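There's a structure below that I have some questions on.
When the chains are written out, they are named A, B, C and D in that same order, and each has its own residue count from 1.
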Amino acid sequence: MTVLPVNGGLVLAAGLFAIGLLGVLVRRNLLYTLMCVEIMMNAAGLAFVVAGAKWGQPDGQVFFIFILTVAAAEVAVGLALVNQIYRRFHTLDNDSTSSMRG
Amino acid sequence: MLNLLWTIPVFPFLGFLILLFFGERLPRKILALVGAGSVGVSAAVTSLVAYAFITNPPEGHAFHQVLWTWISVGDFHPQIAFYLDALALVMAGVVTGVGFLIHVYSIEYMGTDKDFARFFACMNLFVFAMLVLVLADNLLLLYIGWEGVGLCSYLLIGFWYREPANCTAAQKAFIVTRVGDTVMAIGFFLLVVQLGTLDVQGLMERAQSEWGPASGMATLAALLLLGGAVGKSGQLPLQTWLPDAMAGPTPVSALIHAATMVTAGVYLIARTHVLFELSSTAMMAVAVVGCLTLLLAGFSALVQTDIKRVLAYSTISQIGYMFLALGVGAWSAAMFHFMTHAFFKALLFLAAGGVIHALHDEQNMFKMGGLWKQLPVVFWTFLIGSAALAGIPLIDAGFYSKDAILWAAYSSEHGSFLLWLGAWIGAIMTSIYTFRMVFISFFGEAKNHVHHKPGLTILIPLIILAALSLVAGFIELPHNMGHIQMFSHFMGTAFESAGEHAQTMAEPGGEAMFQILAGVGSLAGVLIAWWFFLKNPASADSLASTPTGSRLHHFWKSGWGFDAFYDKVFVQPFRWISEVNKADIVDGFYSAIAGATQLTHSVLSLTQTGRVRWYAAWVTVGSVMILGALLFK
Amino acid sequence: MTLVLLVFIPLAGGLIAGWMGGKDSTACRWISLGALGLDALLALGLAFHYLGGSGNPGDSRWFIEWSQPWIPQFGISFHFAMDGLSLVMVLLTLFLGLIGVGASWTEIQERVGFFHFNFLWILSGVLGVFLAMDLFLFFFFWEVMLVPMYLLIRIWGHENRRYAAVKFFLFTQASGLLMLISIVALALLHPGNGQGVTFDYNVFLQNPLHGPAAKWIMLGFFVAFATKLPAFPFHPWLADAHTEAPTAGSIILAGILLKTGAYGMLRFILPLFPTAVHEFSTTAMILGVIGILYAAILAFAQDDMKRLVAYTSVSHMGFVLLGIFAGTDFALKGVVIQMICHGLSAGAQFMLVGALYERIHTRDMRKMGGLWDAIPGFGVATMFFAMASLGLPGLGNFVAEFMILVGSFQVAPKLTILATLGLIAATLYSLRLIRRAFHGPRQDEKAYPDLTLRERALNGAFALGLIWLGVYPQPAINAVTPTLKSIQSSAATPMAEHNAISGESQ
Amino acid sequence: MTSTDFLSLLPFIVLSVLILALMGEISYRRDHALVAWTTLGGFLATLVSVLVASQASPHTQEPLLVVDGFGLFFIALLVLASLPVAALAKDYLEKRPGYREEFYMLLCTATLGGMILVSAIHFATVFIGLELLTLSLFGMIAYTRTSGRSIEAGIKYLVLAAISSSFLIFGLALIYFELGGMGFAEVLEAVKGGDHRETVLLAGLALTLVGAGFKLALVPFHMWTPDIYEGAPAPVTAYIATASKGAMTAVLLRLYLMGGKEMPTGLWIALALIAVASMFAGNLLALLQENIKRILAYSSISHLGYLLVAFLAGGTYAVEAVVYYLVAYMATSLGAFGVVSVLANKSGEIEELDDYRGLGWRHPFQGGVLTAMLLSLAGIPLTAGFVGKFYLVAAGVDGSTWWLLFFLVLNSAIGLYYYLRVVATLYDVNQKEESTFSPLALSGGVVLAILTLVVIGFGVLPGPFIAWIRDHLT
């Protein structure tokens, strides 16, 4: 009986992950892309928390903090790049940043 | 003296080398001296050797001279070695003797040609190769000569290479004979594999001891060798090249395509007669080939308009006689006819050459006529040659040699009435077409102007050959007409194992009747020719203009349609295949692979859109696939 | 050590020549000539010593052997050894190498140094192939020669050189990689000499591999060698490569590179996989016969003179394949002679075509005709080598083909008869070449210079070689007899056992 | 912290000190040359510290890190790969506007991340090392921000790397969920135990693989490769191709050595498919490519495919083969991208194949080096690539993975086509005059010369190195 909610947490995390992924795939605005990536990472973080809870360990939460840090760093760099891209291409449509192909 | 044997072929070869390397630079006189002289020296050495051989015969009537071992593999050791016996000696004598005369003749005949040196170079090379052929002690060395003469024949037929037709004729000659040669080569493989040697003498002994009579293997081997022989000698079914070979200069036709090379097949069979005797099938095949060929060629000769083509067909026909003789086991008769044929056919060609030369390269008989007054020497020598060819009784060599064959065709144990009948009809045909030629070219009204008369260097060889054509027959006379057997006795030393079948079967009364028949036949032929072509030419024309007549005329003129047949069956399909596959289908296969690869490249390149969402989608797809693989494998 | 020198002299010569090339092209030509000459002297010295009788090697398999560990972890060593077969091939290589330098004396005017660098490196690679008795080392040299050859075609070739160069490389390399798998598989699957993995030829030789693995391994080798040979259906690279390569490239391609394939079959396939070869021989012989006829027909159809000659190579190599897999004494000896003779005759033909191209700037026979008039020297030379190519008795090719055919007649008469048709086909294409280029009426009335003294000398060298092999091939046969005997015995012994076993079971 | 701890962690410490030093230096005064030389010196010091650490190894920092011969070898390898990148970057950045000094810091942090990766025995460490590496790479790729393509590459890499990281950590979470730990040993134990194949565990493993596959640019996670290789500054491309991939390969190799050899069949099949697909995709995509950096990018995809073959073969030679091949590949790639890097001029990099026409005649040294590198990639003798290929084949034969070998051979042949195309272009006679290559700077020249020597040396005399691998790594 106690297992189910834990699995439920996992399912929730997976759902969030899928939403984030779907967002990356369908949204064209780079900002949204970054946000969706953020969602994916946090989904993974949630999964860690759930897993930590399952085992009654703090490791899951510790890991979540790692993830947060990384996600923050990524967004930081990402936003900087978005800034550059906007200056250069005057758009945030990530389909248009495809000068390299083939 | 016999030790000089090896030098016989060497002189012409040296002549060839000198002409090849310095031909461009030396004056014509020197070239002529080298070209004809080398053969002359060779002829002189041959007569020395012949003298030694006859006066002081070596042990076993054969002389063997080893120069070096050619190849040595396992138990197989063919050598570069010469073997002289009566057979080889007669051949060598004719090759060098007649060859020398023709060379001398050529000095004037080819005197104005710009490729004088090349001509003599090839001729010398030919004499060398022919001598190697006849003197070889093993079949492999013989094959060097065999193909060597083929090469020279090719070079000389195509001597005037600027004319495409000549080139085609040359190619045809080479290729057709090569077909025969290849068959022969397969025969060699069989012999080597089965008997382990190609030394003629060893081979004959082993064939006798290991195969015995009526052996299938012997038949096979003999037939394969026959394949080579028919190719070289222009016999059925490979006779088609010879008439075209007349594209070469006339001395070439005389030397190569009448006197010597084309009789190589006869020589080969005579040389390996022991093998042939082991198989009556093979003997029969030889006789039938000979008989059919002599008839076919005789009919074709009858309707030719080109004087050289008449002579070419007659050559085919006369070699048919030799094959017939071989096929019935009349070895020395075959060689006898070979010798007389060499004299009179060379004579005929050279005389015809004299005419052609005098008329500025006119070869069509119907544009000649009345020449007997203008070119008396040529006419008389030509007439002697014709008489010999037609076998006019008693006076000439041709009669005696042909008579021996006719008699053998009937009386030998391999012979039969049918063979005789064929040969007899052939003889009548011979005399008809021969005298048709004589009458049309030399009699009647002159249709062409003689530009210049032949000089002495042309006439002397003619006269010598004419003399030989007359007297050479008297060294071998039938037993009821003097019974001289110089030639067959001499030959017998080479054929002693075989023996002469003709004599053993002879019934005294019969032979005379056959001789009379033969004589009557040839005389009748002369008469017929006289009637149709001199006395009453219109009747011949009207005969030829009936539908059947013209069809036959055409059919015979084109050599019984063999060329067309071969063209359809071999030449065109080959050309078609080669043309279709010019670009190599296999390569197409690889190109297709390359093409497919490049296509894949282009398709895959499209996946690299440069769009990050598309890439992310592929990451997703990939993860789903890996999940699937791991979870639901 | 002599063997190492043999391989490394051209290597060093190439480096020097390449370095000199930028400064003085003539010096660079002389350097390569000198390096090859030196090498040839060395090889001739060996030949006189070991074949002349004075230095009878006794019962040892090799005349000289030299071995140094290279990658001991895999039992790989610099193992060079020479026996009669190697020696003959080395001599051929150096002979053709010298001719090649001579033939490109005036043809190559651009980047002379780099040309000679590549040229000598190819030769070095080929020499390595003929002398290496470690399979890894063998493969190493096998591949080493490819890149310079590629560059040779790619840089100094004719119009379609890019395509031809890549095709050459891809065919040989792809098949070579299959061989690499085979070599490694052989090394790893072979019990070895009890001291771990080894690539040493001697070890494999003493204990040939049997069973299904042997078959697959053998096939790997076969594909590589058959591609190089080339045998049907691996031949398409050859026509392009030969046609587009510069003259020297064509000469050594036809003269030597193809021979490495045949050499590989003799040296490796026959003795190392006797049972597999036994099972496979009919297939291989059929491929050989198809190659003979198919390529001859192709040759006949060509308009490009060089391409025609190229296809004749395929046809002639068909005989080699037939002979190798016939495996009889006759056939194997014939194969060696054929390798030499084809090297000479095809080399000469390519040289002539190259020299002709220098003059008339075309290889298209439709634009030739009647050239005998203008350049009779060419005519004579072409005629001679065409005759050699069609197997005129008295020249080496005849001896070779005769021996091969007799040898294969012993084991496969029907196939041999088909193969013999190749002699007729050879006549067809050879005469066609003469006919179209040299006979017939002239197409233009321009005057061209005939063969120069240098060209006459080179042609003469080829011609003498062919005549020598045609009338006295015995020295060459004797030189390779011990090698071939040992190849045959190692191929035959286990086969006899095999047969004995299967005989008992019946 | 015991002295053993200290000694064994010395490489990490030295590099960290270097990062700090650089930071201080830059904040004090911007001096490109000084920073570059400091970096080079620091890397050399790190190399020395590896030697020191090897005295203390093996030493395990439970449960996250181990400093052992294997790890130290790869640390040294990473540093050795970073050294030429730094040297190349010095020349390269000189020709670029803007601040140059921070690049070296990013390079150092990336290398530190790589070092952590190769020492990891716990997936948490993998995550940390990986992210450190990846985050630094974002900066490095987009470093030349005046170039639109550089930024484009940066954002692409960022998004895709972040996604793949998400997959990775989600996978890790699942593993953790199932096992209650993420130590390599635990995970391998669980995977090996056939009865314990829980769905969640396998799913976790699969998602983890996505992360690894992305880093190694294996099909179907390869799509970023050409764009990022093209857009990133050439030294960075070299770094991505070598250090980044090398570090990830090391992780896999460690897993393999610790017991991953006996992988579940499903995984084996999946990896085999990935390997074959990578070989084909890489080679086919490169086939007619006109941009040399993209060619090399595609070729790297196929090379990782080849490498996987050795993993999958799993015979006695697998580890040696992977190590040898990796080293050969790294040296070669560094050389190839190095040439591109030194040729770059003030207006940017020269990438179009057409511009390389006749390079071999005009700049024999650069042309020669590039030729050697391409031949090594193609696996031609006298180069390290040849021995590497031989090793792969040996591993494949030993493991009897005949089909994979067949595909390997087939692909090598396809690969030849485009490598040769480039080589041929280099020696094309009709050269293009307008392309102006940068003259060779000393540091670049030295780097290229050394790399060429390494490539050829490993090709001619591979024995000592093989012996060393056998003694220390297997």
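Keep in mind that, in the parts below, a residue touches a chain if its C-beta (ideal position, glycine included) is under 8 Å from a C-beta of that chain, and two chains touch if they have at least 3 such contacts.
Owing to the predicted nature of the structure, the values given are computational and were not obtained by experimental measurement.
Central chain by Cα centroid: C, whose mean Cα position is closest to the mean of all protein Cα atoms. Interface comparison, A-D against B-D: more C-beta pairs in contact at A-D. The geometric centre of chain A is 26 Å away from that of chain D, both derived from CA atoms.
As a whole-number value, the distance joining the C-alpha centres of chain B and chain D reads 78 Å.
Rounded to whole angstrom, the centroid-to-centroid distance between chain A and chain B, based on C-alpha atoms, equals 96 Å.
Separation between the centroids of chain A and chain C, computed from CA atoms only, is 64 Å. Within chain D, residues 155-156, 159, 163, 226-227 each touch two or more of the remaining chains.
Within chain B, the positions touching two or more other chains are listed as 605, 608, 610, 612, 616. Of all residues in chain A, those touching 2 or more other chains are 21, 24, 33, 94, 97-102, listed in ascending order. Touching chain pairs in this entry, ordered by label, are A-B, A-D, B-C, B-D, C-D. Those residues of chain C that touch chain D in the shared complex are 69-74, 110-111, 114, 136, 139-141, 143-144, 146-147, 150-151, 154-155, 162, 165-166, 169-170, 173-174, 177-178, 180-181, 184-185, 188-189. Interface of chain D with chain A (complex): residues 124, 127-128, 131, 135, 138-139, 142, 145, 148-149, 151-156, 158-159, 162-163, 165-166, 169-170, 172-174, 176-177, 180, 200, 226-227, 230-231, 289, 294. Listing the residues of chain D that touch chain B in their complex gives 155-156, 159-160, 163-164, 167, 199, 202-203, 205-207, 209-210, 213-214, 219-221, 223-224, 226-227, 264-267, 269-270, 273-274, 281, 284-285, 287-288, 414. If you check the complex, the residues on chain B that touch chain A are 605, 608-613, 616-617, 620. Residue ranges on chain C touching chain B, taken from their complex, read 232-233, 235-236, 239, 294, 297-298, 300-302, 329-330, 333, 370, 372-373, 376, 380, 383, 387, 392-394, 398-399, 402-403, 405-406, 409-410, 413, 416-417, 420-421, 423-424, 427-428, 431-432, 435, 438-442, 471-474, 477.
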